[in-house]
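Let me begin by presenting the structure, written as structure tokens, before commenting on it.
Here the chain labels run A, B, C and D in written order, and each chain numbers its own residues starting at 1.
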Amino acid sequence: MSNRVRMGMVGGGPGAFIGAVHRFAARLDGEIELVCGAFSSSAEKSKSMATELGLKADRCYGSYAEMMAGEAALPEDQRMEFVAIVTPNHMHFPVAKAALEAGFAVLSDKPATLDLKEAKALRKIVERSGKAYGLTHTYLGYPLVGEARGIIEAGGIGKVRKVFVEYIQGWLATEVDNKQADWRTDPKRSGCSGCMGDIGTHAHNLAEFVTGKRMTHLAADLTTFVDGRRLDDDGSCLFRMEDGVKGTLSASQVCVGNENSLSIRVYGETGGLEWRQEEPNTLIRTYADQPTQILRAAQGYLSQGAQDGFRTPPGHPEGYLEAFANVYIDFARALRTDGGATTGIEGGVRGMAFVEALLKSSSKNSKWVEIK
Amino acid sequence: MSNRVRMGMVGGGPGAFIGAVHRFAARLDGEIELVCGAFSSSAEKSKSMATELGLKADRCYGSYAEMMAGEAALPEDQRMEFVAIVTPNHMHFPVAKAALEAGFAVLSDKPATLDLKEAKALRKIVERSGKAYGLTHTYLGYPLVGEARGIIEAGGIGKVRKVFVEYIQGWLATEVDNKQADWRTDPKRSGCSGCMGDIGTHAHNLAEFVTGKRMTHLAADLTTFVDGRRLDDDGSCLFRMEDGVKGTLSASQVCVGNENSLSIRVYGETGGLEWRQEEPNTLIRTYADQPTQILRAAQGYLSQGAQDGFRTPPGHPEGYLEAFANVYIDFARALRTDGGATTGIEGGVRGMAFVEALLKSSSKNSKWVEIK
Amino acid sequence: MSNRVRMGMVGGGPGAFIGAVHRFAARLDGEIELVCGAFSSSAEKSKSMATELGLKADRCYGSYAEMMAGEAALPEDQRMEFVAIVTPNHMHFPVAKAALEAGFAVLSDKPATLDLKEAKALRKIVERSGKAYGLTHTYLGYPLVGEARGIIEAGGIGKVRKVFVEYIQGWLATEVDNKQADWRTDPKRSGCSGCMGDIGTHAHNLAEFVTGKRMTHLAADLTTFVDGRRLDDDGSCLFRMEDGVKGTLSASQVCVGNENSLSIRVYGETGGLEWRQEEPNTLIRTYADQPTQILRAAQGYLSQGAQDGFRTPPGHPEGYLEAFANVYIDFARALRTDGGATTGIEGGVRGMAFVEALLKSSSKNSKWVEIK
Amino acid sequence: MSNRVRMGMVGGGPGAFIGAVHRFAARLDGEIELVCGAFSSSAEKSKSMATELGLKADRCYGSYAEMMAGEAALPEDQRMEFVAIVTPNHMHFPVAKAALEAGFAVLSDKPATLDLKEAKALRKIVERSGKAYGLTHTYLGYPLVGEARGIIEAGGIGKVRKVFVEYIQGWLATEVDNKQADWRTDPKRSGCSGCMGDIGTHAHNLAEFVTGKRMTHLAADLTTFVDGRRLDDDGSCLFRMEDGVKGTLSASQVCVGNENSLSIRVYGETGGLEWRQEEPNTLIRTYADQPTQILRAAQGYLSQGAQDGFRTPPGHPEGYLEAFANVYIDFARALRTDGGATTGIEGGVRGMAFVEALLKSSSKNSKWVEIK
């Protein structure tokens, strides 16, 4: 009998990019087993995915509601232990709610919900349930992002002053007609923001995580450059964080030629750090009077935590799927160890508060707005 | 008898960084001759510099006023043809005024003046004099910057949408006690802005030049991070340009480890361009459906104008001094050809208007301010 | 009942780097199932690994011989379909021989055998068995390596002239006392070459694969820089390939600060290609009269084959484990489709012939030696 | 009266690339004055160049012989102090001989002579004359090249083990029909080697300078890839240096897309250094157990000597012309200080010995040949 952590999945039917990614991530380390799923709102598609994945027929459900009920009815050592939610955004909340109320931990794709109100409601549900709740802020899964946070926490760059964070893509520079683009530009499924909700939240999350500071205020200018699009496809803001930190955040999906260019640069009184998602195995560290250093993945001079985040020795590049797998494995191990943390919802609430503040500021001619 | 263009210099005495740079630039191509100078407010220092430079004793003047008078008294084919002004900022205006009114063309270090009012006054003086006026916006002297402008002008990236421009240094991250830092952080000599006046204006100028659009509005947040400093040492703004272009501009002198990191990225409907001053021989060009291209200095596929801006073949890196020399040689050749242009003052006025708008916006809690 | 391809493993017990990597690779796509293993020469260690991996107790074997017998005795739809060999080098041959003779396909870590004689013997065994034989030349699993080959094959750089290929590491620059270093520098377990057998063969293999040409002659200079080491830890050779191609190949494990720096540059009459393993998602393409291009992972302008090799969209870096997984998935799918190819052994024979030629040339004062 | 060092020039008439470069270099610092020249074998072209350069008519000579005689007849404080030789290679020797014998110091473009025999003859002439002799090994003028040498000299990377040095261009990948290509591929004017004599010698020189070791033996494979060309256009060699250092050197002019890619990597027992001419303001330094460092131009942590080699602060890129100017200024200052060194010819002899060894080895099937 395998001792792997048992996972169910809602969403992620045929052709869904993010569902496939979650499965790669869950599989990589061999410590998690996909035991059931409600992969699609079409029962047929759901079945075909289940077959492809080698699930048992009786663990393939026609809807997420059925799945919660069906799994809850199984013996404790067989039923799924957590649900991965990989649906379009508008379903994140109802599925998470159903899962938590049925007694299952949740690992949800981001954003946590469609808006701040829902996020706060979900926070209450999480707290009430006492079940673990995690959000796949994938980019925090990169070990050098954790190293950056650790260096700052230890005072390695002195008091933080300035942050530049960006998440720039180009794939929506024109009207795009595919499944991925479709729901992202549809307010009903994506929420009240397009680009900012989709990727700006990752930039916000990264900035708060790396600096260890909360972003408190912002002044934003959001734009929809492509005619006929109903949501923002670009935006920038000035922001302020706790303790006098200032910065700029930009997110765009119309910067032609950019792929998935998430990057952060943080400068403190005595040093700086720079990291780019597209070359995630390198962390640049700057000093006032010494040469800039190139910190590299899996090297012995990194903190033990960062070293442990790599599966291979230096020079064997690890990437997005490994970062994603780190998020999964950390969640699954915590689940087994102590039931996991309920605090993951906090990031979801903060993300939604950030988006809400952006929209408010942008609609008020870039007035400074508090993020709360 | 040499046929070189005759130049005088005001400022640039012993130890003055920018004066030496102007002389390197003027000398490089062998078409300009330094014939006189008033290098320092100290007559002794001025003399020692004149001697070092091999000037004739009677062309070394005790003050700029003396110089204007002395040179004007010389036969036309001997007197200087233009004055290079390389004093601290607060002297730019009075020297330029004196030179123009004495009938000499002016090539001034930037900023043109201490503030917008002065800049507009200088504009009138220039117009009245009919003499050529140039401003050493050094970074426009890089041929690939011109290439970028040319590509955009020709529609190479489609309608421009978004601009990211930055000028980031780290050398003022702590209190710095030297001549360079001294006047830059002194309102009397530097003007009403520190970092933004010193380097932010280069970023503004670069953005307008490359896109061919005027920046019309901005919303700024300026900061003085170092205790006791009297002027801004960091700042960011959201901005808008003509024709719906949007962007962000940041300038900082407290980003530890950054040297002289001026960079611009411009994205249009069909492509993008990226250029960094610290590797000025490379221009990155992006496309929607084709591989990104690396355009390189002096290559035959560049426009003729860009090719002509290089002195050596591809792979022989050219840098800051060559860019600066391009500014000089263009000014000097125009002077001989047709008397040169009086329009250089326009950039000076725009730079001052930009700084004034920044200060106004920042003081009004980042309200949008028109640049006029 | 899962329809995944059933794999057994020999070697890869606790702490074995390459065994873990093979398992990551096999697991990633969810199409391969590890069903049995003989993980260690210690029965105890083997058991503990089997438990950790969730194998059934009766599929954990005390030795590879037992495993071949045990699996052969199972019904065809339950027994393993292929054996992954991840032992130290000296065991590759006997295990492969046993597996093939017991009717199982083999996917072996490289090198195929300890020397050329053994490799040729193994070739005969493979041919006799008719069973698929694959060698995990991991670096060929990077899709952009395949793209490079495809471009050259299609004449994209014209007739090939010159190749630079390198595999440079630094981790053995001093005496290293650990399990990884141990067997690699022990002639009995590693074979007659250290650095060249371990990593030089990857460089050789990459050069032949990308150019589509066989390396025919070489003139080599191998060195042991670290005192007391019994095998080469560095070497370079001049080489010639079919059709007049020339090149240099270097491999080293004493280049301090290098991690796993495998790279290739190929130049033909009309263009060139450059690829580096440490940034495997970028392929540089050069032209005579056009800007250099940056070809990037997963982009639509790549060949379909290269696109299919990526699991995520552009900008989501994939790395070493994904490349390794590509080798596995290709092997496993071929096995199911048509039984797989027996030709993989050819690469093994060529690798051994290359090493033998290196040793011969180096011992004869770098005389040109034919690789046969 | 200017106190600048007086220089004459032989060669460098209209359209000559390297002559113009020498003049830029001599001019940049304002400490050298071009006072006379014999720019072309055509008197007319020579005159037009003299006029363009503003030389006095009586200092423009019809031939180098006339120039030596004419200048020698002038008062000591007016006559030129040294001759810059910028002719095609075959004239380097006769002009240098004439200058030295007429009592003038020489700064010659490289190579010093057409072959080793001539170089040794010139060495005798230099020694007999007691006059300063310099060779413009331009790339040694880059301050970070000197820094690399200094680090190694001070034991900063431990005992040197391995060197990779390359000089790769692509501009002769096809038959090229221009003045530059013309003489370079003509044995009469270029000497017995094409690519190796032209650029391979720079790589050799760089390797010896940076390591402080003499290259003692090599095994070479030279090639002429372009049909009809009479000299090598590509080549690689294995080499050995004093004290057990080993390495590879490649030079090529047919690597399509490469511009002027001179690079060196040196690894010792405890560290390494990497430098590339196309980004000359960066020196990479590697360590066994610490992060790689990026050493940058003009930074305060460099040696004083390296700092002094830069004219501008960090982040203001300096390039090829500045490096060339460093060679000039060092030569001119030494001349004034103590008459300058006669040892520059040593580099010329070594360069010719290197080329001779290459040709001998390549003609003997890459046999190891001593460089003497």
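Just so it is clear, a contact is a pair of C-beta atoms (placed from the backbone, for glycine too) under 8 Å apart; a residue touches a chain by one contact, two chains touch by 3 or more.
Treat the numbers as computed from the prediction; the structure is a model and nothing was measured.
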### Summary
Comparing which residue numbers subunit B and subunit C contribute to their contact, where sharing over half means same and under half means different, the two sides are same
### Query
With chain centres set to the mean of the C-alpha atoms, which chain is at the far end from subunit B?
C
### Summary
Whole-Å distance, C-alpha centre of subunit B to that of subunit C, is 56
### Message
What's the distance between the Cα centroids of subunit C and subunit D, rounded to whole Å?
### Response
44
### Summary
Per the C-alpha centroid definition, the whole-Å distance linking subunit B and subunit D comes out as 35
### Message
Multi-chain contacts only, two chains or more: what residues does subunit B have there?
### Response
258, 292, 296
### Residues of subunit B touching subunit A in the complex
157, 161-162, 164, 166, 170, 173-174, 219, 221, 223, 225, 234, 236-238, 240, 246-248, 250, 252, 254-258, 265, 267-272, 286-288, 292, 365-366, 368
### Summary
Counting only contacts in the complex, subunit C reaches subunit A at residues 1-4, 17, 20-21, 23-24, 27-30, 53-54, 169, 171, 258-261, 277-281, 296, 311-322
### Message
Help me check something: in the complex, which residues belonging to subunit C touch subunit B?
### Response
285, 289-296, 299-301
